[in-house]
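Residue numbering begins at 1 within each chain, and the chains themselves are lettered A, B, C and D in the order written.
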Amino acid sequence: MSYSIAILGASGYTGAELIRLIARHPSIEIKALGAFSKAGQTVAQVYPHLRHLDLPAMVPFDQIDWSGIDLCFCALPHKTSQEVIRDLPKSLKIVDLSADFRLRDPEAYQKWYGNPHSAVEMQGEAVYGLTEFYRDEIAGARLVAGTGCNAATGQFALRPLIAAGVIDLDEIILDLKAAVSGAGRALKENLLHAELSEGYHAYALGSTHRHLGEFDQEFSKVAGRDVHIQFQPHLIPANRGILGTAYVRGDAQAVHDTLAAAYDDEVFVEVLPMGEAPSTRHIRGSNFCHIGVVPDRRPGRAIVIAALDNLTKGSSGQALQNANLMLDISETEGLMMAPLFP
Amino acid sequence: MSYSIAILGASGYTGAELIRLIARHPSIEIKALGAFSKAGQTVAQVYPHLRHLDLPAMVPFDQIDWSGIDLCFCALPHKTSQEVIRDLPKSLKIVDLSADFRLRDPEAYQKWYGNPHSAVEMQGEAVYGLTEFYRDEIAGARLVAGTGCNAATGQFALRPLIAAGVIDLDEIILDLKAAVSGAGRALKENLLHAELSEGYHAYALGSTHRHLGEFDQEFSKVAGRDVHIQFQPHLIPANRGILGTAYVRGDAQAVHDTLAAAYDDEVFVEVLPMGEAPSTRHIRGSNFCHIGVVPDRRPGRAIVIAALDNLTKGSSGQALQNANLMLDISETEGLMMAPLFP
Amino acid sequence: MSYSIAILGASGYTGAELIRLIARHPSIEIKALGAFSKAGQTVAQVYPHLRHLDLPAMVPFDQIDWSGIDLCFCALPHKTSQEVIRDLPKSLKIVDLSADFRLRDPEAYQKWYGNPHSAVEMQGEAVYGLTEFYRDEIAGARLVAGTGCNAATGQFALRPLIAAGVIDLDEIILDLKAAVSGAGRALKENLLHAELSEGYHAYALGSTHRHLGEFDQEFSKVAGRDVHIQFQPHLIPANRGILGTAYVRGDAQAVHDTLAAAYDDEVFVEVLPMGEAPSTRHIRGSNFCHIGVVPDRRPGRAIVIAALDNLTKGSSGQALQNANLMLDISETEGLMMAPLFP
Amino acid sequence: MSYSIAILGASGYTGAELIRLIARHPSIEIKALGAFSKAGQTVAQVYPHLRHLDLPAMVPFDQIDWSGIDLCFCALPHKTSQEVIRDLPKSLKIVDLSADFRLRDPEAYQKWYGNPHSAVEMQGEAVYGLTEFYRDEIAGARLVAGTGCNAATGQFALRPLIAAGVIDLDEIILDLKAAVSGAGRALKENLLHAELSEGYHAYALGSTHRHLGEFDQEFSKVAGRDVHIQFQPHLIPANRGILGTAYVRGDAQAVHDTLAAAYDDEVFVEVLPMGEAPSTRHIRGSNFCHIGVVPDRRPGRAIVIAALDNLTKGSSGQALQNANLMLDISETEGLMMAPLFP
């Protein structure tokens, strides 16, 4: 059985990553590619690294014939995404990679993103796309909201611990090191090679990063009470990768046991042996998340470190994982490639 | 039909790359991994990025049971390779990634590598593993010698031009920019991040690089006369990639036409439209080679630029491509992954 | 004796580099900083790395009081520069870092830059600012045109050879590897860290780079006949540095002797021992240019490799060197800092 | 008045950085350079970037004539350093850059470094070289122990806060991001460009880094009670720089006020305006330390971020700052160079 999909916003990094993954998928076919400013160009023009593929040209959204398309990936900027998705055929399954349907509460959305939501009615319908924790809902969903890449990293490290109550819920600090492709293809001075190389720094200072909206929503839901972590991300001179270092209060062995049990059956989340830590060089270009647990010298404190590729497991890989579920394909199909090393 | 293979020298970069590729191959199974200093360790210990794979442990070579193994990849240092291969079962098909069987002439081998060859009798038997040009011989070979990564890049750019006589054979200059993984996992000061990052430079000065032995052998053979190019490589602060810039005398359009015709049926070698040039960011982690042709402002002069990933098309990808042929599997099997971008 | 200077275009990389150098100069004081879009900001806002300095705020050009200012550095985009300089007080000494006054011939300017020159009368007056070769003219000049950074690199490698006639003037190829700060602070996709890191490539294909206008002018002048080299630059994932590899015909020893003699008395240009090659890591942040000569395996052919820092010796350092001469200060004042390594 | 100095261990990164700085110092002259394995070589051979300098050759330690030398910098590995320093003339002033004399307590030394101290009698004499906090003792000292580069970063961020009691002493977490030159010129796989570039990770897991010995000693001394922070460093793909992110409990404004007051008269430590954060790109190659304070969204919690160059303010720059004091030279002499940007 083969399925047909479309990708809207195909000219950004997450769009390109979707194409990379789906091009090798045995039962999904790319039928349409939608773009704004680059509409009218071929994929080879926009992405010379994909020139060997036989793909449809990039077209304006309104030129896409939706009949015969089973699922649509939306890799659009937030705010744009909700406006586009609102008007898509209701029969279409949708995986949204933007921030627009991650938050269930319209007020939370407005607080973190600064504008009222223009498809409030769909917010309730959307399923939060953290596959390992919403597998059943995703399988039955029409609209799945891909998580933030930082939000995914933090949740893989912390969510089972919060659910199990093995750490102090009021004392969670997440210090995150993000590679630059997570910022997208935006033309900003601090993303230039001349400035970022040899120039790393914190951003979204003092727990102001928008992905905190997701942490608050999800961690509070799991805990059954309000949980508000501290979260400070940093921009690192690397292309792909997120390394999240979480400082928690709890017994390190219990922390490790809890994570090991939580992910025991998971293909893509690997808990390293106690005392080992992951590196971004070991997950690059793959859909794997590596998690390490380290006891601190101070008893009762542990460090949990999670590493994943922001464009794969943090975004497009997870999106495909969700699409597989929604289309009743094997969840790991097209996603088992090994990391690129070195 | 499924085949069993072994990899000797599994702990180096080309060995890791072989595992990355073969792990997803539908009809080849890794049955044994041989190592020297890292024998006794699991793959997950040596290569944490491969920890999700169910692979045999690394063992000393003499503990490998060769019965039932169809083909062996040797990813060993040169000189060691010939000694090991000499003693392997004669029934075994072998793809050697070292330099040991690239040169047919024992004297040429000694000239470029500094030691007499210790398996001279096998030098004659070996087939030069530049797949696109030795396809039939490789399919029937028992021992195939993988090409040098720089040698492959230069030959993809130049070989059809030399064969067709559309360029002046005495006026070929190849200026090459090589990423650092081509130097292997050797611990040398100039390969340290602190020194190479922001510190690029020429090496193997004045056409002294050993891959010239391959250029001389192959280009002279194709031309039917001696051809001795100038070749100056440079080390670039990047992990993967080779960019070769060849300065040739000839009509640019004829050069482009010749290359386009030569690779018209080739899956892995893409000739860009006239006047476009490739980038290493568009072939990273893939088995593709991109070639561009540019006319110079001086009439009768052209620039040919080729880009490939030294560990994939330049080494382990090509090795698998050859193994596919030797095992009568589709040549592209396991090799059609798209490049990793960004 | 102390001199007062102004910098126009202080918010670009070359402007920042001028401030870095002049801030430690014992006899030059920065009196005014002119900017366009960043006018009104303090230096600390625009350049936090200069926040320890006590500098005037950035102001619009028309707010600068030119009385009492001895010399003005113009670090503006080309075309803008000529319009601004045309209207500056005629009593002011000027060092222009743009391309606007490098070419003496208005037609050559229009050919390479695409627009007619709007200060043709000043083109004749300007002195070409390659200090080591125009020292006397620069000392007496009112307007000095800083060279292109690539143009400087190529001339340091080749100019004495062309002047001495020790190489074949019709067979010169310059393959250049440029770090990204030479492209300025422009917001372009290929300058993003995510794209340039791991993604190097040729640009200005087939001898179309504008700095060829300078090569043609200067090499032809020195040779007393037309000289048109081939010149292909490449963009490298590094912040600072230019490495130029020149392929020439001539006796390598004669080439080395000629360069060694030419720069024997020069403080900033170092000719390495025969057979050694420079690296960008050995000149970073300094005003030094290192030159190496290597014989090729083919008799009568040599390779000349020159390395310098595009922002220092290639631009702002050279500009200060020229200003020192124009103000009758010791030429090396403020420029003897050692390279930053690693 | 001019002073003569020697550098032992001149062939490592901190030795090279000392030469870079002292070469431009108006009143200090390098009289001897001592090395082990590279003895007998010239500086130009070991460090081509210093080839323009007229420096003594590198000699074995026992060939150095100590008469006429006022001060010796020891840039040796720890353990070696104590053995060498023990036997130096007692009249010599010494600035040690190793870890050997940082800890006053022989047991603490043995705990963190694993071997008994072989110059215990000198441990008591040594002054801890964090200039801004030990200025008077350093001025009168014979032996000054340079601080660890990570230890310096953490102390600049935290020491005034601990002294002032404006933060909770039991709840201090320091998450540090260190560039690779801090690991020295050691040949290790994880320091190779191919592995570190795109591969960042934590090391010295769970507060096991040796610099914690310094934090414990100094913070406890300042607090008048035991203070044991959590400290987790990470290795980042950059050459120079340390960014320390400290998570503290206390009023952010009080934290900022305390730091601003503490460093108000300090030339090299700059406290940024409230709410701003530093970047390593703004201190590279300089002796400056930038500190930012950010309130967290959770009341009563603040983030303090400090950035410095590990080789300059974190090591050799600070060493020179101390030497200036010991020789009664202006403390900032030779150290006011602006950072290299970009």
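Quick note on the criterion: a contact is a pair of C-beta atoms (placed from the backbone, for glycine too) under 8 Å apart; a residue touches a chain by one contact, two chains touch by 3 or more.
Given the structure is predicted, the values throughout are model-derived calculations rather than measurements.
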Report which interface contains more C-beta contacts, comparing B-C against A-C. B-C
When contact pairs are matched by residue number, over half of those of B-D recur among C-D, A-C or A-D in A-C
Taking each chain's centre as the mean of its C-alpha atoms, which one ends up farthest from the centre of subunit A? C
What's the distance between the Cα centroids of subunit A and subunit B, rounded to whole Å? 36
Rounded to the nearest whole Å, what is the centre-to-centre distance of subunit B and subunit C, using the mean of the C-alpha atoms as each centre? 39
Hey, how far is the Cα centre of subunit A from the one of subunit C, in Å? 45
Touching at least two other chains at once: which residues of subunit A meet that condition? 13, 181, 194, 196-198, 237-240, 278-279, 281-282, 284, 342
Considering only the defined contacts, which subunit B positions touch subunit C in the complex? 173, 175, 177, 179, 194-203, 205-208, 212, 228, 230, 232, 234, 236-241, 243, 245, 247, 275, 277-282, 284, 292, 294-298, 301, 303, 305, 307, 342
Interface with subunit B, subunit D side, in the complex: residues 13, 180-181, 183, 185, 187-189, 191-194, 196-198, 237-239
Looking at the complex, which residues from subunit A come into contact with subunit B? 13, 16, 19-20, 23-24, 47-53, 181, 197-198, 239-240, 267, 270, 272, 278-279, 281-286, 288, 290, 336-342
